[in-house]
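Labels run A, B, C and D following the written order; every chain starts at residue 1.
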Amino acid sequence: MQAKQLSDFISVQEANFSQAEEYLALCAGNRQDGAIVSFVGLVRDINSQHRVQKLTLEHYPAMTEKSLKKIVTEARSLWPISRVRLIHRVGALQASEQIVFVGVSSRHRGHAFQACEFIMDQLKTRAPFWKKEQDDKDEHWVQANQQDQQKARQWLLKPEDLSMFM
Amino acid sequence: MQAKQLSDFISVQEANFSQAEEYLALCAGNRQDGAIVSFVGLVRDINSQHRVQKLTLEHYPAMTEKSLKKIVTEARSLWPISRVRLIHRVGALQASEQIVFVGVSSRHRGHAFQACEFIMDQLKTRAPFWKKEQDDKDEHWVQANQQDQQKARQWLLKPEDLSMFM
Amino acid sequence: MIEVLFFAQLREQMGHEKLALQNAFADLGALRQYLMAQHREWQDYLSPAHSLAAVNQCLVDDNHPLHAGDEVAFFPPVTGG
Amino acid sequence: MIEVLFFAQLREQMGHEKLALQNAFADLGALRQYLMAQHREWQDYLSPAHSLAAVNQCLVDDNHPLHAGDEVAFFPPVTGG
């Protein structure tokens, strides 16, 4: 693996992002990697049976980037991945808007899939973002869900399953 | 889940594809899904220590699309996913070119990640494509690798692990 | 001095965005107990079951030692992504 | 009649892209054995360890029954993606 290919791009921003540009940044001049996996999270129209009108994302600025860097560093310690790009938006968002992008390049697809999903699962439980939803009834803070906690823990609890991909 | 959102796009083609357009086709007018996972496979510069100059992809035309449809149908039976787009190129390709695209949208990210990786793992062992590589030494058929066989089998062997995501 | 920050729903429930405490605390648990004792409702809001805590921007548990100058934050389970 | 196709490396090794056989075969295994008996090298090329087989464009194993008009294909383990 060539050291120069190991670069992280991490951004917390109000502005929207271009999935196409992020994909290009993962590929451009990248001749060693056979796999690019990317994830985009969108604001769903309907959450818990109510129609979401808008969403406000609050965060803890001093901690946000630090926690994202830590998660990406952990992913790098688990899998031989090359490029990582991670963008999370904050502020006011409408239904169907893009919230988060995670892209990973790697020689082998298994590593890219695992690292990308790991980063999302950890972000969901450890990065200091909070969603406030405005639906047709009221405005309320989104409650964390138990399944996200389980998904995040599962990466730590099953090293023997992880080793299969390494 | 709205039935109209359940659409498959499957294509076997010589022409290149636009990852950006494929992403848009997964998102456009899609207000129910919170997760878009996409995979792109690229021609690696170096395979088994030799520099790949070009690659020729042969296939079994009568069987190719049939086998891809079957794989996507199996993915739909395993996870509640919405849109699936699958493109595989054939013919002559250069290093760094795009070979394959798999994109999946879903309400929940776990389902989209699992279905996307499942489709790639099954495609790798069941879809009738064969790569012939021209490197700086000679031209030769790429040999199937044992790890791909294991990855494909693992989806069938561990229903108890799969159930976690369902 | 220890600076204590609150975020999201917890900020609204506490009615504070920030507190500056002059007291010394052995660890995060001691600070949490101190705050929980201030108001009946805080007992509930700040319980480990309902809130996470970070010291100097890292998630930690109640055993984490505290020093003067630390930035402590309490917040609800996160919901980004 | 049964049409037998060969792909990729196996097509090159066999020296044939296609064969048309008038014989009847109970199942894929019987056809495979018949072909393997034709040439010493085919014994190796067509062994289940080195080749996959499809009947009417579906991957099947040697127990799969054959009928007149079936399209049978032999090919090496696939390497797409």
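Everything below uses one rule, namely that a residue touches a chain if its C-beta (ideal position, glycine included) is under 8 Å from a C-beta of that chain, and two chains touch if they have at least 3 such contacts.
Source: prediction; values computed, not measured.
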Farthest chain relative to subunit B (centres taken as mean CA coordinates): C
Cα-centroid distance, subunit B relative to subunit D, in whole angstrom: 26
Subunit B and subunit C: spacing of chain centres that average the CA atoms, whole Å: 47
Interchain centroid distance [CA atoms averaged], subunit C/subunit D, Å: 70
Where subunit C touches two or more other chains at once, by residue number: 81
For subunit B, residues contacting two or more additional chains: 41, 109, 120
All chain pairs that touch each other: A-B, A-C, B-D
Partner subunit C, residues of subunit A touching it in the complex: 41, 57-60, 62-63, 66-67, 70, 88, 99-100, 120, 123-132, 141-144, 149
Parts of subunit C lying in touch with subunit A, wherever the complex brings them together: 5, 7-9, 54, 57-59, 71, 73, 75-81
Complex interface listing, subunit B residues touching subunit A: 19-20, 23, 27, 30-46, 95-96, 107, 109-110, 112-113, 116-117, 120, 151, 154, 161, 164
